[in-house]
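Notes follow once the structure below has been shown.
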């Protein structure tokens, strides 16, 4: 994925399921073209194939399971994510944690299938541990700030800058994203100043009324 | 869903992911139209929305999670399944078991969202317990026969007939399906004779070379 | 176990771990002898062997795992519970739910090892389903009342009486216990009047200051 | 714990449950006294309190759960492990993996309760990641060698030496142990030569007929 970038996690929000998911993904695609800035979307697995088929911006799964293709009813191996047309996956989100060995194995399998990996971490030590596993990106999301009204860049800027340092100590090539509470273009530009390559956000886009306006503001923070 | 019926579980088989999934779903749809018999398909969640959008036969999720729509990254609530256009879901498959209380709660939620429920059970007692929870269908799948070469209708016909009796004892209105090892039209007609409303099968369709021929044979077993 | 009976679930409460667990178990044993009434205790697995060794009243595990003895680090098979000297186990507690097929298999294994099974259920339908699996006892615990100040016998007496009926419909030989919010001897005697064989309780004993006094009151509700 | 050391994981082997667990723990204690070498034992949680009470050598839990003491039926928080008298715990064993964030949180909680942590890792990258989390020890156990007849020190000595290096790169103060297939005193001394502080083993002690003889041989490998 091109950086700096904005990743919009649709979670399982009613406002971003089925037809609504497709509408939001198309809006993101339009704004990415309009502004020349990078946006990726991460819809529910049920909408993954449709959206990967309909939009040209990067589409990420929200999770996948450490399993090969095969006799695994109800599970989502990286190969299924790839076959559906996605270009990567979020892994170890605070709402869907992974066992450490599965996380390592999944990052390897995603490399094989050409899927980029965005691994979430809740603090500096976990971020450093994740860096040792060699993902494409690590998204720092202090759990107490997820879905809240205050951006981590304001509430705890040192969490971000210290995490960037810890990550680059172990994996200098790993990209860092900033999550949790990001709401405005100013929050985004602050995140870049702290050494990240972009932001991962969700309710701040999905659950607002004026999605286009908010997205334009956020994208403005990605710089020129 | 109309009965008697055939449900094809795509699992996470490579042969039934992405484009291959869509092709197989379309074949099932064509044969359903040609023969006037009922077929439903159950693709990977990643392909759920695409297939529900592209074919007119019933499409089932392989699993869903006992959660409301909301802040649940990586999970699949019934509402997401509904929004993707599916008409029901498999629950408690041997490869993705559910806690008993979640199973009960999911059956209730699926009723609310108009989703039919196909609950898998591995023996007579579990089938009877599931019947108490009031699903649309119970599929009997002795785990030792799943994916094997011998149909449960031949290997253990009494498992099916005793399960039908146990289920109807507790829930007279619950449909019963027969799973595990079903390969031929003869297996299907035997399943109906044992008191079921159809079969749930997977590798016997997904992994054979001549899918159309095999499906036509299976459908012939559904009677006239 | 002799009925009617009181089961005290120690959970992982600090007030009932290690030395405190042993003290509480001995108090229960003393009161059982004093009054001639039946009490069983269910300590943390870490204290299971010690307490089974030190007291003569029935000792139950709080959970066990559907696994044989063997190469299973960190798991608790029924055989380990038996070897530690326990006489039974709670299963499917609201805080540690089991998959329905594991629950069925565990009840069978516990029978083999001579362990009594107390299966928790959160509503009438789940209780009925559990009855089909043939446990020794089913404990009805509406989750919204667990740990609360109001006894289910007062707040929702019909939940108990309807569950007793549903359970006996499917498994006439299954004992029924009443959980959630039981505090006094009066709650206990009300539970027996509603058709149960006793109560399962926790914070109402573990976290009170005057444990002996409270236990004596509760035991008085078990009748003469 | 004193190093170099031998840790004997009892798993849930029938040969090391209940009375047998106590007998084996006492043998380990006797040999530790006889030889002046360090041995620790890790019994089933059901036997944890009894053994911690009866022997003076270090006793480790096989696992614990990332939860506080409280209303958690069937779970094992570090505080319960501490109250039972254990001096530490294995974490993230191949048979009981932990989510990465839980692992980090547990290591912190164990520090607070004075419990040493032995974290298992299946390869060099996972070992490096675990080192970032700051446990007392990391045990390298390539899963394909667990329970097998060939020691990792012979089959893949470079896995051990490279893991020692990777671990010390990130956490110079973390002790390293060698697991998987260790059978003889020679395997043990080879493990120390490769830079470890000892070995973690299981079936090689638990399931042999002449436990005392085998233990004496293993201890001889710990040096003088």
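First chain written, first letter: the chains are A, B, C and D, and each begins at residue 1.
Criterion: contacts are C-beta pairs under 8 Å (C-beta built on N, C-alpha and C of every residue); 3 or more make two chains touch, one makes a residue touch a chain.
All values derive from a computational prediction rather than experimental measurement.
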item: Self-contact between copies chain B and chain C, residue sets same or different by half; value: same
item: Chain centre separation (chain C, chain D; CA means) in Å; value: 34
item: Inter-chain centre distance, chain A versus chain D - centres from mean C-alpha coordinates, in Å; value: 37
item: Centre-to-centre distance between chain C and chain A (centres being mean Cα positions), rounded to whole Å; value: 45
item: Residue numbers of chain B (touch at least two other chains); value: 94
item: Chain contact graph, described as a line, ring, star, complete graph or other shape; value: ring
item: Set of all touching chain pairs, with the criterion as stated earlier; value: A-B, A-D, B-C, C-D
item: Residue ranges of chain A touching chain B (in the complex, touch as defined); value: 9, 11-14, 17-21, 44-51, 53, 61-63, 67, 69-77, 79-86, 90, 93-96, 146-147, 202-203
item: List of chain A residues in touch with chain D within their complex; value: 92, 94, 97-104, 121-123, 125-126, 128-134, 166, 170
